[in-house]
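For reference, the structures are reproduced in the following blocks.
Each of the two complexes below includes chain A, the first together with chain B, the second together with chain C.
And then the complex of A and B:
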C-alpha cells in the first residue's frame, strides 16, 4: 500500500488578528443561540425539567392524586431497609455481569472476524439483523420458543434426551435466559461499533506485525486490544448503562417473577410508580439508579483511560 | 459521546416521569359543555364483552339522541395504568368499568364521582344480594352501580372423566378437606396420566413424566386466589379479612388457610398439578383445550373460551363441598364508575343509569358472555348459554344456595398483592414452607397501621 506524503505547510505562529471583537462577537453569540435554541429547548423540557422534578419528587410522598408532600429523606431511609430494593440491585447486577460479559466478548470476536476475514457487505449487514427487530418482539418470540411445554427449544432438547428446562419459569434460569435474549439482539450492534473502532487502526501496524512474524493471537493481544481501548470504553459505557436499565424484556416475559428472581431495578421502579401509585418512592429509586449509573460511567472512563489513545 | 451518556442517564430518571408528562396534553374532542349532549367516553377491558356493550350503547343513543357513546377496550394491565395517568392528566374516560380491588384507592383519592350526585337514588334491591353494597365507600357514598357478577366452577374434560370411570354425577358431588383432599383429590389423581399411560392412583405411576395433569394451575393466586385456592380454602370457614368490606386485618396466618395451601402445593409434589415454573407464559385454559389437563377451576367469565375449544366434550361441575358442609365461591362483581373530572356529568350519569338498568343488562344477558347483576338479565344469560349448549347451573348454584363469599375489599389492595404475589410464588415453588405466609401476613397488616 502506497502512502502519499502530502507537503506539510510550515508551521507559522498563529496569532489571531485583533479586529473588531466587540460588535462582531455579540452578533455571533446571538446566531449561535438561535441555532442551539431548538435543541436547548428540547433538552430543557424533556431532560432537564423532568430530571429536576424527579429529584424533587424523590423527597416527597406522591400518589399522582393531589399534591406531593415533602417528606425529606424518608424515601431513601425506607429504601435502605427495603429487602426488595436490595434484591433488585442484586438481580440487576447479575444480569449486567452476564449480559455485558457475553455480549462484549462475542461482539469483539465477531468484529475481529468481520475485520480480518470478510469484506462482504451482506455478511457484515446480516450480523446487525437482530438489532433491527423491536425489543418487545424479540422478547416475545424467544418467550414462545423457550416455552416450557410447547416451545421448540425444549422439543429439540427432548430429541436428544434432555428434560425440558423452564427457561423463564425457573428462578435460576430466568435471569440468564433474559440476558441471553438481549445478548442475541445486541451483539451485532455492539460488534458494529467495535468494528468501526477496528477500522481506525492503521493497517501499517498490522503489516509491521506481519513482517515481524507475529501470530494472529499475538497481533490481537498486542495490537488490536490496546489500540481499540478508547472505542471499547465508549462501547462499555453505552452498553453497561443500557444494561442496567433492562426493562422491556422482563416486562413482556416474567414481569419480575418467579418470586422476585427477575425483579430488576427498572421493573421495580415501574411497579412502585404505576402499580402501587408510590411515585415519590419510585422517584427516589430512580435517583439512586441515576447516581449508580453516573458513578459507573465515570469509573469506567477513568480507570480504562477512555479519553486517551495509545495511537500516538 | 459524553453527552450521550448524560442523556442516557437522564432518561433513566425521566422515563417514568415522561410518561405522565406526555399524557398531559390534549383535551376532550367530544365537545359538549354542560348539558347539550356529546360523546361519552366509555372504557372496558374484556374484549369478549365489547359487542354486548356496543349494543347497549346503540340502544342508549336511540333513547337519548343527544348522547353518543364511544367504547374503548384495553387489556387488563394497560387498562389500569392508562386509567391512573388519565386521572392525573384529566384525560380519563367519563365512564369506565371498575373493579373491586381498584376502586377503594380511587375513591380515597377522590377521582371518582359519587353516583348519589350524578345518577341520583337508585333502587338497589333489583341487583343480586350484596353486590350493590360493595360499591359504597368508607365515606358512605356510592361509587359504582353493579353490572354483572361472577362465580367459580370446575371445567372438566368429559372424555377423560369417562375414561377414568368418573360419572358426571360424581363430579357434581365432589367433597374436599385439607387433610386427604376428599373425593376431589381422588378424582384429580385418577385423571392424572403419566407418559406410560398409568393413572395417578396406580402403582408405578411416574410423577416426573406427566402427559395429562388432573388439575390445571393458572398461577399462585397472589393475595386473593379467586380461581386458584379461594373456592376450597373458604370451605374451611377461613375468611380473608377480619370483616368485609373494609377489613383492616388479613388472615393469611390462619392455620386453616395455610393447611389448605399446603394441600394444594402437595398436588404439585404428587405430580397431579403442573409445577409453578410451567405456568410462566402459559395459559391454563389453552392447555385444557390442548388436553394437557383434565380439570380447571375457573370463573364464569371464561365460559365462552372453554366452550369454544373444538374437539373436546366440556363438562362443568360446581366446586367441591368442604369441611363446612357447603361449597364456596368468591362472588365478585364489576360496576361502572364515573370519573370525577368528567365534563359531561349529565350524560355520564344517564349512561351509568342505563348500564345499570334491566334494559341494558337484558341485552348483555342475551349475548351470553357474563351474568348480569339483575335477575332478568341472568335469566336471559342462562337461556343464551343453553342455546350454545352450555349448562351454567354449576355457577348459579352458588348464588341459589347462598354459598358465595364477597370479594375482600380493603385499602392498600395493590400493596397487599405486591407482598402476597412473591410470598405465594415462593410457597408453590417449594422455596418456602406455608408457615412463611405468617410473616407475609405481618407485612400486609403493617400496611394498615
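And then the complex of A and C:
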C-alpha cells in the first residue's frame, strides 16, 4: 500500500516510513472491521448462523413449541421410508430434466441465431423481458392462458381440431406444463448468457472455417460447441441449481396437486415445516436437498470439464 | 462496466464492417429469421394477452375466448383492482367485490424493495472496499467464507431465518421481510469487489497521501468512480426483491405486511363465480409488473449488458 511510495513528505513528523508500515496496517485492521461490520453482522446472523442451525435442527424434533429435542439420525431414517419424499424427488427430477433439457436446447439455438443474424438491442431486450417479471406473474398469466375451458391455448387447439388439454389439472401434464412455463421465463435469460459466451470466441476461428468451406452445421458442431463448453457448464450449474428449487410457480398454480403430481421437494419442505409444524423433519429434507445440489454442481463441473477451455 | 462498454464498441464496429457487403438472404437465413421471430412472438404474446384480458369484462371472457380484442371493452378490471369502482360494478363484471388493498401492497413492495436494496448495496460496497483496498489479517479467508454463502440454497437458510425473525418479534412486519437482505448479499459483495479491484490503486493512494481518511476515500473517490456498477447492482437487486415470493410469503402473512407478489397469490385463490376473476387478476398482474417494466424501459441496455457479466465472470 502507501508504504511502497517511500518519500513521504515529512509533514506529519511521525510518519517515518518503517514505523508507518506497522502503524498503518494496524490501523487498517481497525478500519477494515469498521467497514465490514454491517455486512459481517448480516452474514453472521442471516447466512452463517442459519446454515449451522439448519444442520443442527435436522438432528432434532422441533414443533416450534418448547425446545428442539435431539433425536440423532431419526429424521433421516424416517425420510428414507417416506413415500411422499421419494415421490417429491421423482417429481422434482422429472421437472429438472424437462426444464433444463428444453431450456438449454432452446437457449442455445436462440443464442446462435442471434449471434449469426443480428446485434439488435431490441431483440435482445424483448427476449429478456419474461425473466424480469415475477415468477408469480408469469405463473398466473400462463395459468390463465392454459385454462381448460376458456384459455386461449385450448381455444387455439380447438381451431385445429385438438381436444382441450387439462394442462394444470391432469397428473401427466402438470409437471411438463410447469416446466414449460419456466422454460418460457428463463429461455431468453439463458440465451443471453450463452450469447455472451459466444462473443468470446474469436471471429478468426470462424473466418478460417469459412475459408476451408465448412458448412453451418459443421461449424456449429466442430467449433461453436467445443469452444462454448466452459460457458455451457457454468450456465448449466446455475440453471440446474435453480431448477431444483422450483417453488413459486407450483405454489400459485397447482399447490402440489393434482394428488401429488407436482409436490416438488421445496413445496414438500414448506408443507412439512409450516403445514405440519415439523421443523426438524423439514430441516433434514433441506439438508438432503443441499447435499444433492452440491453433488450435482460438483459432478457437472468435473464431468464436463468446466474449468478447461479448448481454445488453445 | 468499463470492460462491457469497450466490448460493445468493438462489436458495433464489427457489425458495421459486416453489414457493408450485405449478405444475400439465403433460404437458410430466411428460415433462421422466421424461427427467431416466432420465439419473439412467443415471448411477447402473453404480455399482450395480459393487457387484452385486463381490459375485458370478466363475464364476457368465456363467450369470446378466441377473440384477440378485449371482450366487451371496459376499464372495470383496473378500476376494481385500484379500488375506484363500487362493489356492485365489480360483481357485475365478475369480480368478488371484496376490497383489495392494492395500494397498500404496492406501498409495501416499494418499501421492502427500496430499503433492502439501499442497505444491501451500501453495506456491501463498504465491505467490498475493505476486501479490495485495506490490508488486514484474515481478509482473504473472510472473503472466501462470504462466498461460500453463495452455495447455500435459499430454502436452507429460510427455515432457521424464519425462527430468528420470529424470536425477534418481527413476524408479519416489513422489517422482518427486509432484514435478512438488508446488510449484505454475497453476490453484491462479490460483484462490487470485482469492480473496485479494477480501479487503479494509485488514485486512492494519492488521496490517502493528501490526508484523506479511508471513509472519505470511499465516499469521494471509490463510490463516485463506480457509479455505473453500483447503479446496475441496485437495479438488479431491486428487481429481485420486487419479484421475491417465497420469503415474504413466510414472513408477511397479514394484510398490513403483505407485498404484491403474495397478494397476487391470495387474489388468485379467490374464486367469486367458481372461477378466478381473470380480468381482475390480469389487470392486477399488469399493475404489479408496471414498475419493473418502467425500470426496464429506462435501464434496458444496462440490464441486458449486465447479464453476460454476472453470469460468466
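We adopt the following convention: the second predicted complex is superposed on the first by the 270 of 312 C-alpha atoms of A that agree within 3 Å, B and C clash if a C-alpha of one lies under 4 Å from a C-alpha of the other, contacts with A are read in each partner's own complex, and residues count from 1 in each chain.
Basically, a residue touches a chain if its C-beta (ideal position, glycine included) is under 8 Å from a C-beta of that chain, and two chains touch if they have at least 3 such contacts.
Nothing here was measured: the structure is a model prediction, and the numbers come from that model.
Asker: Considering only the touch criterion stated at the top, classify A:245 as touching first (chain B), second (chain C), both, or neither.
Answerer: After superposition on chain A, A:245 lies in contact with both partners, chain B and chain C.
Asker: Looking at A:258 after the superposition, I want to know if it touches chain B, chain C, both of them or none. Which is it: first, second, both, neither?
Answerer: Touch partner of A:258: chain B, not chain C.
Asker: Considering only the touch criterion stated at the top, classify A:169 as touching first (chain B), second (chain C), both, or neither.
Answerer: first
Asker: After lining up the shared chain so the two structures overlap, which partner does A:63 touch, if you call chain B first and chain C second: first, second, both or neither?
Answerer: first
Asker: Touch check for A:286: first (chain B), second (chain C), both, or neither?
Answerer: In the superposition, A:286 touches chain B and chain C alike.
Asker: Quick one: chain B or chain C, who's touching more of chain A?
Answerer: C
Asker: Contacts for A:123 in the overlay, against chain B (first) and chain C (second): which applies, first, second, both or neither?
Answerer: The second partner, chain C, only.
Asker: Touching A:303, do we find chain B (first), chain C (second), both, or neither?
Answerer: neither
Asker: Output check: A:141 vs chain B and chain C. Expected answer is one of first, second, both, neither. What do you get?
Answerer: In the superposition, A:141 touches chain C alone.
Asker: Of all the chain A residues, which ones make contact with chain B and with chain C?
Answerer: 46-48, 50-51, 53-54, 57, 64, 143-144, 147, 149-150, 234, 238, 241, 244-245, 266, 269-270, 273-274, 279, 282-283, 286-287, 289-290, 293-294, 297
Asker: Can you list the chain A residues touching chain C in their complex?
Answerer: 1-2, 5, 8, 25, 28-29, 31-33, 35-36, 38-43, 45-51, 53-54, 57, 64, 106, 109-110, 113-114, 116-119, 121, 123-130, 132-138, 140-145, 147, 149-152, 155-156, 158-159, 184, 187-189, 192-193, 195-197, 199-200, 203, 216, 231, 234-235, 238, 241, 244-245, 247-248, 251-252, 266, 269-270, 273-274, 279, 282-283, 286-287, 289-290, 293-294, 297
Asker: For the complex, give me every residue of chain A touching chain B.
Answerer: Residues in contact with chain B: 46-48, 50-51, 53-55, 57, 63-66, 143-144, 147-150, 166, 168-171, 234, 237-238, 241-242, 244-245, 253-254, 257-260, 266, 269-271, 273-277, 279, 282-283, 286-287, 289-290, 293-294, 297.
Asker: Residues of chain C touching chain A in their complex?
Answerer: 7, 11-12, 14-15, 28-29, 32-33, 35-36, 39-40, 42-44, 46-47, 49-50, 53, 61-62, 65-66, 123-124, 126-127, 129-131, 134-137, 139, 142, 145-146, 149, 151-157, 159-164, 179-184, 186, 189, 201, 205, 208-209, 214, 218, 239, 242-246, 249-250, 260-261, 264-265, 268, 275-276, 278, 281-282, 285, 288-289, 292, 296, 300-301, 303-304, 307-309, 311-312
Asker: Across the complex, what residues on chain B touch chain A?
Answerer: So the residues of chain B touching chain A come out as 1, 4-5, 7-14, 16-18, 20-21, 81, 84-85, 87-88, 105, 109-111, 275-282, 287, 290, 292, 414-415, 418, 421-422, 425-426, 429, 431.
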